[in-house]
Each structure stands twice: as C-alpha cells, then as structure tokens.
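Below is a structure I'd like to ask you about.
Chain naming follows the written order as A, B, C and D, and within any one chain the residues start at number 1.
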Amino acid sequence: MTTLLPFASDYMEGTYPAILEKLTAMNFTAQSGYGTDKISTSAKDKIRQACHCPDGEIYFLNGGTQTNAIVIDALLHRYEGVLAATTGHVSIHEAGAIEYTGHKVIQLPQTQGKLLASTVRQFMETFRADANNEHMVQPGMVYISHPTEYGTLYTKQELLALAETCRQYDLPLYVDGARLAYALAAPENDITLADLAASCTVFYIGGTKCGALIGEAVVIPQKGRIPHFFTTIKQHGALLAKGWLLGTQFDVLFSDGLYERIGRPAIESANVIRQALKAAGYTFYIPTVTNQIFVIMDNQKIEALSHTVAFSRWEPYDADHTIIRLATSWATTKKDTDSLIACLQPHDL
Amino acid sequence: MTTLLPFASDYMEGTYPAILEKLTAMNFTAQSGYGTDKISTSAKDKIRQACHCPDGEIYFLNGGTQTNAIVIDALLHRYEGVLAATTGHVSIHEAGAIEYTGHKVIQLPQTQGKLLASTVRQFMETFRADANNEHMVQPGMVYISHPTEYGTLYTKQELLALAETCRQYDLPLYVDGARLAYALAAPENDITLADLAASCTVFYIGGTKCGALIGEAVVIPQKGRIPHFFTTIKQHGALLAKGWLLGTQFDVLFSDGLYERIGRPAIESANVIRQALKAAGYTFYIPTVTNQIFVIMDNQKIEALSHTVAFSRWEPYDADHTIIRLATSWATTKKDTDSLIACLQPHDL
Amino acid sequence: MTTLLPFASDYMEGTYPAILEKLTAMNFTAQSGYGTDKISTSAKDKIRQACHCPDGEIYFLNGGTQTNAIVIDALLHRYEGVLAATTGHVSIHEAGAIEYTGHKVIQLPQTQGKLLASTVRQFMETFRADANNEHMVQPGMVYISHPTEYGTLYTKQELLALAETCRQYDLPLYVDGARLAYALAAPENDITLADLAASCTVFYIGGTKCGALIGEAVVIPQKGRIPHFFTTIKQHGALLAKGWLLGTQFDVLFSDGLYERIGRPAIESANVIRQALKAAGYTFYIPTVTNQIFVIMDNQKIEALSHTVAFSRWEPYDADHTIIRLATSWATTKKDTDSLIACLQPHDL
Amino acid sequence: MTTLLPFASDYMEGTYPAILEKLTAMNFTAQSGYGTDKISTSAKDKIRQACHCPDGEIYFLNGGTQTNAIVIDALLHRYEGVLAATTGHVSIHEAGAIEYTGHKVIQLPQTQGKLLASTVRQFMETFRADANNEHMVQPGMVYISHPTEYGTLYTKQELLALAETCRQYDLPLYVDGARLAYALAAPENDITLADLAASCTVFYIGGTKCGALIGEAVVIPQKGRIPHFFTTIKQHGALLAKGWLLGTQFDVLFSDGLYERIGRPAIESANVIRQALKAAGYTFYIPTVTNQIFVIMDNQKIEALSHTVAFSRWEPYDADHTIIRLATSWATTKKDTDSLIACLQPHDL
C-alpha cells in the first residue's frame, strides 16, 4: 500500500510538522487531566477568537462519528430525530451510531449533496399538517456538513437561508466540519468560521482530516446551550484523560491563521487533477471545488489504476463503470500530483 | 500547575520517547485507514505473541471508559448486567457509561479492592435460589481490573479461582488493564499476559496510562468470540480513521518486551515514597505494591502540600483527614521523587 | 364522535361478547401472576395447536408497537438493523420505537405495500458487494406485516419465497399480524397460521384489532430461539401482573376456531362497500381485499362526509384530493354498512 | 392454585364489579382511538378534581414498571440518574427497565423502606463536595413509592420534608403509587391525593393492584412540565389504541370517591391478620399498616402453609426462617381472612 500514490483519503498521513514539534517539545511537561490544562485553555481562546464568539464553549473530541453521535444526542430530546440528507454521513456510513443513541435519522432529499432550506421547510410543513404527527418521531434538529459528503459547498446565502428556516421551526442547526479546512481553502467558499458561529447552534472544526494527528473541536457559540456537556462526553466514553493532546494540536492549528490556510495544497492539487481529468475526457459524477473528486471511470481502467494509485471505489455507476473518489490532503505533494496525472491517460468513456 | 511536582496521575506526561520518534519518522508515510495498515498488523502480531494466544483478535481503542463500555456492551445480552466491585471504575467514575448502553452494573462487595471468586459464587447461588429471578437483571459477566481501582493486585491463584467460578456459572470474565504495565512491573505480581489470555474472555492492555500517547489494546483470545466487533466499535463512535496512530504506539510498546518493563521506574519511585511515608509515620488507607499510593493525611498538611505537589484528593476519611492518592508513572524521575519525599515531613497522625 | 358511523378503525369497539362473558365469569377467581396461570397455559396450548407448532413458545403482550419493538430488539444483535418496507408501520408510525431500542430501520422499496423476496435479495447482494459494509448497520432481520399497512395480502408463494431468501441470507423473518384475523377471513388469502409458523422466526397474532379487548400473542415456533424473552418483556415494561387477562382472551379466541372466522363480518362489509364505491365511480388508491379500503376522494366530498362518518385521512393525493381510509371491523353491522353506502353518493372524480 | 387461599398478591382477582358493568354496557359504543375519547376526558377531569390540580395533565398507562421507566426517562436528562432506596422496586425487581433507558439507579439507604429527606440531603452534599463529580452520573430526580415496597407509609411531614429538600437541590420528585389505594384506606395515612399533587413533580395512581382490570394514571400537576409525553409513551410502546379501556376504568374509580375507599376491605382484613399473627407469637420483619404483611416464619411452617395458602416467599431470614409476604386486596373476603387465620397456628419461633 505504501508504495501506491496516496489519493485514497485525507487521513493517510500523520500531522502538520509544527504539531509534532510542539508535542515533542512538551513531552515531559506534566499537564493536568481531562482538558483542564493551560494549553487547552489557550487553544479554546484562539478558536473563540477565530470564530468571533467570545462566549462560546469549545470541547475537543476524537473523531467525526463520535462527535456527530454525541452532539446530536445532546441536542435532541428523547422523542426527537435529526433531519439529514439521504447522502449525509450520519445516514449511511456511521454504522448506526445515531440510532444507537435512540434517535432516528430522518432522511430528506439532497441537492448536489446539500440539504436546502426549501427541503426542510417542505418537510416541516407536511409534518405539521399531518394530524397523526404525534405518533411520529418529532423533527428535532438539522444536520449538514460543510463541505458535504460529496465535496460540494454551501453558499453563504444557502447557509443563511437554512439557518433562518431552522430558527422559524425552532430546529437547532448543526454543521459537521470534518473537512472544514478544505472549504476554507477553496476560493469559491464564502462561508467563514464567524459565519458558522453566527448561524449554527453547534458546529465542529475538523482536525483528523485537516492536519491534526487526531481530534475535532466542537464549538457551541452560545454559552450554556448544552448543559453538562462534559459529563455527556464522559458518558459516551469520549473523554480523554490526556485532553492536552487535543488542545495542543488545536493550539498550533489556530496560531497565525494556520487552519485557514492548511488546506491550500490540497485544493491546488485537486484543481490540477480536475483540469487533467477534464482534459483527458473523464466525466465527473458531481462537480466539486474542494479536495474530493468523484469521477466516473471504466472498470478496466480502474483495475489498471489500482496498481499504482490508492483511491476509493465509491459506488457502481452502471455495469461497466464505477464512481471512484480521489482525495487530496494538506500533505499532498506536487510530485505525487504529477505522478497521478501521468497515470490518468486519455480514455474513450 | 506545571511547576507542581507531578504525582496527580499517570497520564500527566506525553509518551515514551521511542514512540514519538517512530511517529515522527513515519509522519509522511501514507497509511491505509481504520486499522487496515501494516503497522497495526505488526503490532497485533506482537501482542498475540506476548500473550501466547496465536489466534486472538486485537483491537485498538482510545481510552478506558470507552473500552469498558464497548466490551461490556458487546459481551452482554440485552437482558444482562455486569458484576463488579462497588469500588470498580465502572461502578462510579464513568458517568454512567455502562448504564448508557442499557446495562445495569450489579455491585458486589470488594476485598482490598478485589472481587473474589467466593463473592461471585455467593451472589450467583443467591440469585439462582431466588424464585423471582426472571424479574431481575440477569448476571451476564464479571468485570475486574488488574491492578484494581485501589492499586492492589490479584494473585494468580485468585485470578484462576475467579476464572473457574466464571466458567462454572457461564459468565464471561473481562479484565480492565488500564494500568497493567504497573502490575507487570511489580515484583509481587505473578500474573502474566499469557495468564490473562488463558483466563479471560476479554482483557485490555492499557496504553494511555502506561507510556503510550493514547490508546488501549483489546485482546479477545478466542477468535470469533465477539462477532462484528469492528462494526460495534464504529457504532460506538470509537473507530479512528487513523487506526495506524494506535497501532504504531503498540508496535513500539511490544517490541523487545518494552511493555513489561516500562512501568519499572514508577514502581521503584512508588516503593521509595512508600518507605518514606512509613518512616514519616503516615497511615496507608490500603496497602499497595503498584504505582498508586493511598495515604490518610491531615487536612492541614494536605493544604500545605498542595502548594508544591500535584496529587488527588480521593475521599474524606474523617472530619480532619482525607485520603489522598499519589501516583507515579513510567516518566517519574528520581529527582521529582526525592523532592516529593522532602515535602512529606514527619507528622503526628 | 359516537354518533358518527364508525369506520375510522378496527379498534373502536370493545370485545367479542364471549370474551367479556368469560372475564365476568372468572372475575373473582384468584389467578397467579405474570402469566403463570392455568388459563394462559390453556390459551397457549390452543394457539400451538392452531399453528401446528407443538414446541412453539407463546407470549402475550399489550399492543402492536410494543410487540414490534420488543421482538425486533430481541432478534437483533446490537450492531444490526431491521429491513422493512418504506411504508411499514415500524418505519413511520411508531414514533421511533425501534430506533429507541438502538436499531436502524433500513427502509426498502415496497410493491403494493409488500416487501418482496427479490427486493431483499437485491439489497443483500448490493450490501455484500460494498467493500465498506463493515462501516454500515448490518442487516439483521426482515419485518413484514400480513395484511400489510395498506391492507394488501402476501400470497403463500410470496411468503415462501421471502422465507427462503431470508434463510439464504441468514435473516430472521418476523411477521406483524396486527390484523391477521382479517387476512384469515379473506377468501383471497391462502396463508394459514401453520404456514406462518413454518415460515417465520417469529410472528404475532393480533388481538386488539381483531376482537380482543386488548392483547397480542407472540409465536416463536422454535423453542429456545429467543433466550430470556420473559425477562426481556419485563425489561421493556411490558409484563402485565395480570397475565391471565390476556391469556383468557386468547383462550376464547382460539376455542372452536373463533379467531379464523371472527374477521368475516369485516370482510363482508368491506366487500359491499368496495362494490358501492366502484359503482359510484370512486378510484381506489390501492386495491385491497381485507378490512381496509383506501379511496381517493375530493376534498369537498371529504369535508361533507366527515359530518356523518368517522374515517381516517391518510395522506394528500393532490391539491384537490386526499386518500382516505375506511376500516371495517369484527363488530361492523349491516346497518352501519348500509348507512355508510348511502352517504357515498356518486361523484365525478 | 385456584383452590389455595389467595394472599399471594393484590392482582389475583379481576376488577371492581362496577368497572366490568361499565365496560359491558359500552362494549359496542364506538370510541375514538389513543385516549382522545370522551370517557377518558371525563376520567381525567375527575382525577384532576380529586387531586385539586385543575391544570394537571393525566395520562393512562398499562403497568407499574412501564410507568416508572417512562416517567423516569422523561424527567431525566441523558446524563442523569434517579435516586432511590436500595429496596425500591426500580432498584431490583424491574429487570433493569430503568437502566435499559440509559439511566443509573443511584441506590441510597432506606429507613423502614423509606427514603428520607436527610438521606437525600446527605448524598447531595457529598456529591457536590466531590471535586470529580462531573465524572459521575448526575443526580437528576428522586423516586419513592407510597406505600413503599415494604408496605410502610410516609408521614405527611416526611413527604413535605422530602419535597422541600428536592426543591432545594432542584430534583424532581416522583411518587410511585402502585398501591396508593391501600395507603388512602389506612387510618394511619395522612397524605391525600391533593398533598401528592402539591408535593410531587409527577406521581401515579395505581389501578392494576387497586381494583382496576389494568391501568395506572400518571398525574403531572404542572401543565407542560413534560413536553411531548404522548409521543414519549408511543415511543416506549406503551400507547394503547384502545385508550378508552383505561379511561373507562378510572372514570368509575374516580366516581363518588370510590378510589379513596376501595382499599378498605384490604386494610380491614390485613389488620385482623396482623392481630392474629401477633397473638400467635409471630415476629414481623417490618411493621406495616397497609395491605402487605411481612412475617418471619419457620421454614417447616412455610412448607405446611403452602398447601393451603398462596403467599410470597420474600427472602431468606436465616438458615431456618424465611420472610414471607401476605397481601390482601380490595377483593379479599371475610371468609378467606378467617380461613387464613385458622391456618396460622401458634408456633414457637
């Protein structure tokens, strides 16, 4: 595997060198436990500043599915479910982690991987008009991700419209930012961290896929919005004794605006690859501007490619073609990008 | 906090230097995700070898509470609960993580922090004799930890007796080894990794508190004993995309017998501290031979000590005294040990 | 409400007179608790005989949603979900009772309200071919109802094909028989109680909607298939102290073949209504042969009808029409049927 | 069994005759579903009046364990547990129904089967003083029953003190009234329905053991205190399609003050039995004034008694004695009482 060109995902490499250096420098400095240390406090301050939410609460967790399950369980009442796009990560690829907490994922139609305000509105109106709705799971919040599961981006206008709709129907809005750095690094993106803090009830800033060794930062802009979140994290088995391990990483990521530029190499590489694919006549399954590229490819070509490139088989397209995903990362090099392009010969799809 | 002498816990420092070196060396080597990488495979092989269970299954998780909740939930049927000592970590200090999975922790009396075979036997006989026992939570497994929550050790004879009792009553036996390295490093300990593999249905080898940066290794000696454990881990939000992060650490910890000797500095330091405490006339709450020391201390002395030493207030002893815990670690230095001893002046308890 | 013609559901009336007589006769006869009484034993024997499963286990529960949640939770492993038609009762109208137990309802396309063997097969093949399926909820069983949520019937051939497919993929098959008496009373039905016992892992015989005052009878044809089901029922809060209350009713329902003929008045009435609707030019939403009739009706007509008839508004059909449901029951009289028909004037849909 | 004298429990007989008559009279009167019928509305009005809580919400459920699990789950946040006496019904005899909903039962010492204000206060003070309490299950409410599991009664003063303590610590107070009619009928009782409504966050009025065929009435004195309780009931599988079945029974029970006097025959019989036991030299395990009597009896005597009397073996007392329970009910006759007394020969304990 290690000799294949690494385009299977954005979590194949370790961490941004400055993070490793910081961890090494403080390796024998004793820290207090469970996130009560000074570096975690510093990291939280920096995140609050970057998000323009001086009163916000910040918590560090370990991974995306864990974060989604805990935040959703914490935001919902027991009789409520979460609205999500049919293609949302929580709908399919989290092994039922949401249902395990007792909550239904209410799947709504997606538009380019996105859940639009109009879709939520239509669902809510139908639900409210249903005389039997007390026999149904109550819609309790909205889940989206930015970028989406398909690498697409919400526009600021779409986000604001969704947030407004959520407010009207009293639905908390939660944004999964597992790959948020790749949105922030894309020129087409017009949503800032401050916009997220102003629009969402909760969102999380992805670390694992965005240059951290491990970790995600949950932002709750309104202080006190989720009581006893610390205990809830512990109850879900997600509280690290060494909380400073996560705090340290985010302290580096949020120093000197690193997080907002760390995804740039991924975007630059992805753009070059997209151009090459287009030039070679490939068809995209869905147009993207972030670090994920979904291409429809001939099964024979895929077989050949698999000997030199690590990539993901997404889903069958038709009898002879499959949708594959190429993902670049903060660590993608120009050399690997060029090598990949060389492998993507023109073809006759 | 950083200027206090670090005896509050065994998770205050980072990681064994060789681990950090290995992580640094492979930082830009691309790995496949979710533990399918080669280093994780290598680590698992080494653990199987150390435990003398060639067919065992190994899984890496992030922390102790998480591991306990997942393993217990996976071993129990829905109508079953777990037997544990009243002082067991799962009984009190995990924020209800076990109950959150739907299972009752059935608390049994402890003996020096240990759950003895005779206690389990007596409970099971009473339960079976109760004509109404179908209206009660069915006892479904036994949880112990080695060392215990109070730093004491099971003897091999006690472990074998408990395992035999569990077999008789068809109760899976699970051993929480959060601090296992400190048992293995204690001269009084006569339980090996191979003994655990031979006696337990499942046990875990602690990393977080034993020199790893983060992580625990679950050992299921009998292959196939827990079907779909991978999916169960994902469902609990505990599957790391970067599985190799955990695998790498355990690969180092299980090279050249490191794990079995990594706790020695902690034990040596603890022994020196115990001698000093005894010489100074302190009373131990419970006699221990591992890296945790529970001392009954005058509240005024505690207040004074807190200006120079980081330690844990365990529980009130009486109106004027409190039980405090001093914990050494793999990283404890002779210098800090000596400084601590200097702070522990003779007193008149 | 009481003056409206009662076609809103099949649970508007009390119970078959012989049941009330029996309850009255034994009102002061002391019974032992929790279903250990003699009448419950007698009822279970009669059900086993009617189902041709002499070794089967029978349990009495209180209602349909409760029964579905308990049986599904008992049949599934924690990492599994239940396959059901998108229109299945468990998918929509049970307020998330299945998800509350931690399991996802995996919704599959329906055909006339039915889940066909070919649909299950196609899902299973796709699932098995998916390289990431360990990250997904594992398909653990199949849920259907007979009659379906839309009043349609499986043919014996369809049932056998589904059972065979379930065997191939090692999926337990569970049949919800909330309205089973109305299937058994329909001339078009060719599935017997014995067929269900031979094909299903578990099924339930509906009482509440089929002439009992309250209660459902769960049949587990293979003895021991679900260990500790009694305790599971208690754990779900579904164990009645007065188990004999349910046993008594089923003892009457399964004396002299009552259950197999109790639905006949409902079917006869429904057939007359269907003929009248057809003659009057109404369009059926879906063709049915049991006690439920789904008609597309003009909203103005619906408003008018609501002053004389109790019926259910099912769902909007288009801007001007709604699907309504008329349900007959074991207690429906010829007089009410004739009155209803008089209200259903010819119209110009 | 039916020929034994019926003192095993208070749920051996059917229902108060007037209830059966009412059910018979309305058997063919069509009712609307899920408790939306007029009789349920009438019953709720009568209960509100009897409890002096004109704005209270009333819901009808099927049994005690179900009611406890649903109310406790509805009152608690996910990170909270319920405080209960070690002898509380929820602690032991509900098969883990509370833990199944994800909540820990935090067991506190009992005093004559009661949980006293001082015990709650002491627990709360210790909990609040514990620096690690965020790592523990948060105490979220208090559960008691009146009468208690051991047939004892709270005094009004004890109830008010407990309610006051709960208010101070912001803990909802829930009273399980499974056998409430037997408290209300006891001359020693000084707690009225109105007192319960004024003191509790929620309480339930037992039907199943107090003369109803089946059913319990949940009273939430403060309207809106538990949002979406209807959906929560459905989600737990506890919503009966035939809600009127429960409503009708409580309509009878709360007509003409029936509920407050229905337990009198039980109390009168129990008093006679207690006198006879005392005269015969038996020792009570615990002194009671309601319909349950706990006697320490010689095992040989118990064996002999079991041929003529149905009673409950509660728990072993010592090698030669067992605690048995004799329970009278609303249906206990003078004849059976006299026959029982004849069986309780003087003995030489």
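Going forward, a residue touches a chain if its C-beta (ideal position, glycine included) is under 8 Å from a C-beta of that chain, and two chains touch if they have at least 3 such contacts.
Predicted model, so just to flag it, every value in this text is computed and none were measured.
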| item | value |
| --- | --- |
| Intersection of the contact lists for subunit A and subunit C | B, D |
| Comparison of B-C and B-D (more C-beta pairs in contact) | B-D |
| Longest centre-to-centre distance from subunit B, chain (CA-based) | C |
| Computed distance of Cα centres, subunit D from subunit C, in Å | 33 |
| Subunit B and subunit D, separation of their C-alpha mean positions in angstrom | 42 |
| Interchain centroid distance [CA atoms averaged], subunit B/subunit C, Å | 50 |
| Touching two or more other chains - residue numbers and ranges from subunit A | 78-79, 94-96, 100, 102, 134-137, 231, 234-235, 239 |
| Subunit C-touching residues of subunit D, taken from the complex the two chains share | 1-2, 4, 6, 8-9, 11-15, 17, 20, 23-24, 26-33, 37-38, 62-70, 94-97, 100, 208-209, 213-214, 231, 234-242, 245, 310, 331 |
| Contact set on subunit A toward subunit C in their complex | 78-79, 81, 92-96, 99-105, 130-132, 134-137, 313, 315 |
| Complex contact set, residues of subunit B against subunit C | 34, 73-74, 77-79, 102, 134-138, 227-228, 230-232, 234-235, 239 |
